[in-house]
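The two complexes that follow have chain A in common; it is paired with chain B in the first and with chain C in the second.
Entry: the complex of A and B
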């Protein structure tokens, strides 16, 4: 496989490709290191191989940390292994662009994944690597979407699973997780309490693969496939700007890593997009650090309707800050009211109904447009990470239902549109 | 005042293989100093050159992140629990 080692992001110490996530010298996070030289010097050949691959993330297995390459017996149409993720639509959003005075906006709709969020990508990679390493139980600390994805992937493979969530999570996310027959553990506390418990548990349960704890280096790599897809869908180029939500900061930084890998290998043309991160004002440790010019984040206690982004202690925050500055982007925050408006704006101009995290992203796009930060000639992609049906409370009471008697006259009386047809 | 310190698996090799160690101290700083007096190797793992906590080390007193309290000056009650864990990004 192209992966060569796990490498500490801080002190660069290297470790074997096992279930480690933290450097034993300095406690820094470990990341997968690669040697892509086996791909050869001809990017056109690599592009052709990608295009001939299955219609899911395994078409990018040359860039993912799996020993066996693309898992299962795959054909162009399918990958016969687990619950494949990816190959979600990239939708040109001209009405949204016009509304905001922009020229070219695209929506990467990752709600179109099997469990309706981008988490299916990261869980696919983590699960396959966990199976290669011999684990038989999957687990995670989740704000909801990850729990959905882990429970579903475990079912597809017949693995045991335990998902840990904050007890105040949206009911839709709990129901959509329990249905898979997983062990749902609702922890009395916020996400950061759940994460602390799972970090402790992962040290005590040797046979468990916590996808976002001890499998984290592999899990995080799955987010790169969003960048590969966007690039491939734009004809192996890069967009000028990405607007993406930030919770832990992992998705945001790995999207950039995906683009940078392809630019370096000559697979994509262009340059690194300006990377704009989006947070909710009720949980904005990274946006606040950005605004204050800090390079580390001060943890916060989350209080926002965007529960999937409610991570008060984002460990990849420093890297997200560095990326936003280096790429010429930025990190913004929006209020809960702006989040609700963002959900409505995306739905009413594109037909895509997103959860609160997508409302955060859309609202930040609007804010950037209103501030005049986006050149009208730019090609902008917003990353919509999850599905509106999972956070229905956010749109309750935002519109009127016309209840009438089943008669023509009642309809006419209600709408009273003279001469309508 | 004796308090219990929970050691993460990643550091147990530097703590004689122990997962829990009882030491004396009334705030986090004193507790860590007492811990380092027993297992000196732990200090460079947990602290940076200036004696502060490393960026990716989280310390909790009674389940609360000390950065929400008074940092290294956070009081630790008698019989309390101090937990050391690596920071992990969530999501």
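Entry: the complex of A and C
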């Protein structure tokens, strides 16, 4: 495989490709390091290999830390089992763009994954690596979407699973997790409490692969596929700007890493997009640090309807800050009311119904447009990470249902009064 | 385009390709008639054209009643706008097969459409035809999924829409419709009452395209794409058996029509699959007629948790009966408890979370396997038509959530007592 080692993001110490996530020297986070030289010098050939691949993230196996991912290997991931993630639609959103006075806006709808969030990407990669390393049990600390993805992927493989969630999670996400026959552990606390417990447990349960704790370096790489797909769907170019939500900061930074890898290898043309991060005002440690010009985040206690973004102590916060500044983007926050409006704006102009996190993203796009920060000529992609059916409370009472008797006259009376035609 | 006329299914009278759905001679239903001769005599060439098409149903434009669908036309559907439906995963379900003593079972997961049901296919076709015919408003009579699809598609195009639903519909489906800014009309009655009202309204509202009333011949053709996809995903062959739900009977019969077209044109090899229909015991007019050896269905008052199948007076019931018999399949019914078990069986063995309709389909597969009606060597495809997030009530209280304090000791205590590890 193209991955060569786990490498400390801070002190650059290297470790074997096992279930490690933190540097024993300096406690920095570990990342996967690669040697892509086996791809060869001709990007056109690499593009053709990608295009001939399966219609899921395994078409990008050459860039992922899994066995069988190296060029020429017979499996090339086409035969990987489990739930196929990725290859979600990139939709041109002309009506949304017009509404905001922009010219070219695209919606990357990652709700179109097996369990309807981008988490299927990261869980796919972590699960395959966990199986290569011999684990028989999957686990995770989740704000909801990850719980769905881990439970489903474990079912598909017949693995045991434990998912740890904050006990105040939306019922939709709990039901859509428990149905798979996983062990649902509701922890009385917020996500950061759940995460601390899982970090402790991962030291005690040798046979458990916590996808976002001891498997985190592999897990995080899955998010790069979002950048690869956007690039491929735009004809192997890069967009001018990405607007993406920030929870831990992992997705946001890995999208940039995906673009940077392809730019460096010549697979994509263009340059790194301006990277705009989106947070909810009720949990905005990264946006607040950005506004204050800080390099690190001060942890907060989350209080927002965007529960899937409710991480008060974001692991990759500093890297997200650095990226937003370096790329010429930024990080903004929006209120719960703006989030609800964002959900409605996206749904009514594109037909895409997103969960609260996507409302955050759409509301930040609107804010950037209103502030005049986006050149109308720019090609902007907003990353919609999850599905509206999972956070239905956010849209309750936002519209009128006309209840009538089953007769033509009743219909006429209702709509004559309402004046809707 | 390849479509030549609307043709009465009973008396074969022909009509122009407009917004008609019933024969003025004999009151039979109208269907689209085609002339596929422009495709040429070489099926291999047609297959290559399909494979080079977009990753959505428009790759099958040559077989759909839309302009620009004829071979060689420059648009070929690749540039069609709206929400892209289709190209949903066909997942090999070895764990489900093993559980049922079968060898080869596949799950066609049509919950992976934009609004998470197969209705996006039919609405896509009906909407494009409606726009070609100059309509500015979409409407439908829906048991829920269709409402989602129509409201979303209308938003994507900026069209006005009215969706008519039974007032006792699941809240999930109402919220996931209203968010798009459509006119939600909740009719006090069941689907058959809603349908009657819409049929009356379609005569009064000249500018409205009721996708499943006056646009029904075009709408119904969208379901053929499910057969095309299954065939293409199996290497342009046909499976031995299909298990599909039956509501109006349209999906069930059009899947067969899709296979028959491709077999006749030589695009697919094999023969018509045995067609097994699945109904809920609480609304089983077609299964009951099948069991009693009748050629027509006696209307019933629906009472089942499978609301998306709750059509008591199925328009295509007689054709579904004829097909089940002719193909060597059958039509079965399952109880609400079996439906809930079916949802759990599919989720826990494949990672696919389906709504109640998919529970019906899975439970019927189980019943057929238990009765020994399926040869273990058969290749069976079950058609999962919708998403579990839309009918969450069906899985509430089907599993245990372990609520604990955020500590290692609390976890140990809970799971030592529960004995789950």
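Here is the rule we use: the second predicted complex is superposed on the first by the 405 of 421 C-alpha atoms of A that agree within 3 Å, B and C clash if a C-alpha of one lies under 4 Å from a C-alpha of the other, contacts with A are read in each partner's own complex, and residues count from 1 in each chain.
By our rule, contacts are C-beta pairs under 8 Å (C-beta built on N, C-alpha and C of every residue); 3 or more make two chains touch, one makes a residue touch a chain.
Since this is a predicted model, take the numbers as computed values, not measurements.
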item	value
Chain B versus chain C as contact partner of A:299, first or second or both or neither	first
Touched partner set for A:204, first chain B, second chain C, both or neither	both
Chain B versus chain C as contact partner of A:10, first or second or both or neither	first
First (chain B), second (chain C), both or neither touched by A:116	second
First (chain B), second (chain C), both or neither touched by A:196	both
Touched partner set for A:30, first chain B, second chain C, both or neither	neither
Chain A residues touched by each partner, larger count belonging to chain B or chain C	C
First (chain B), second (chain C), both or neither touched by A:96	neither
Partner chain in contact with A:138 - chain B first, chain C second, else both or neither	neither
Which superposed partner A:315 touches (first chain B, second chain C, both, neither)	first
Chain A residues contacted in one complex by chain B, in the other by chain C	193-194, 196, 200, 204
Residues of chain C defined as touching chain A within the complex	55-56, 81-84, 87, 89, 91-92, 95, 109, 112, 114-116, 151-156, 158, 167, 171-172, 174-176, 178-181, 183-189, 193-194, 196-197, 200-201, 204, 343-344, 347-353, 387-390, 392, 395-396, 398-408, 411, 414-415, 420
Chain B residues touching chain A - in the complex, by the definition given at the top	6, 8-11, 13, 45-46, 54-58, 60, 63, 65, 67-68, 83, 85-91
Chain B-touching residues of chain A, taken from the complex the two chains share	10, 21-22, 24-29, 119, 122, 141, 143, 146, 191-196, 199-200, 203-204, 212-213, 216, 220, 247-251, 296, 298-299, 301, 311, 313-316, 318
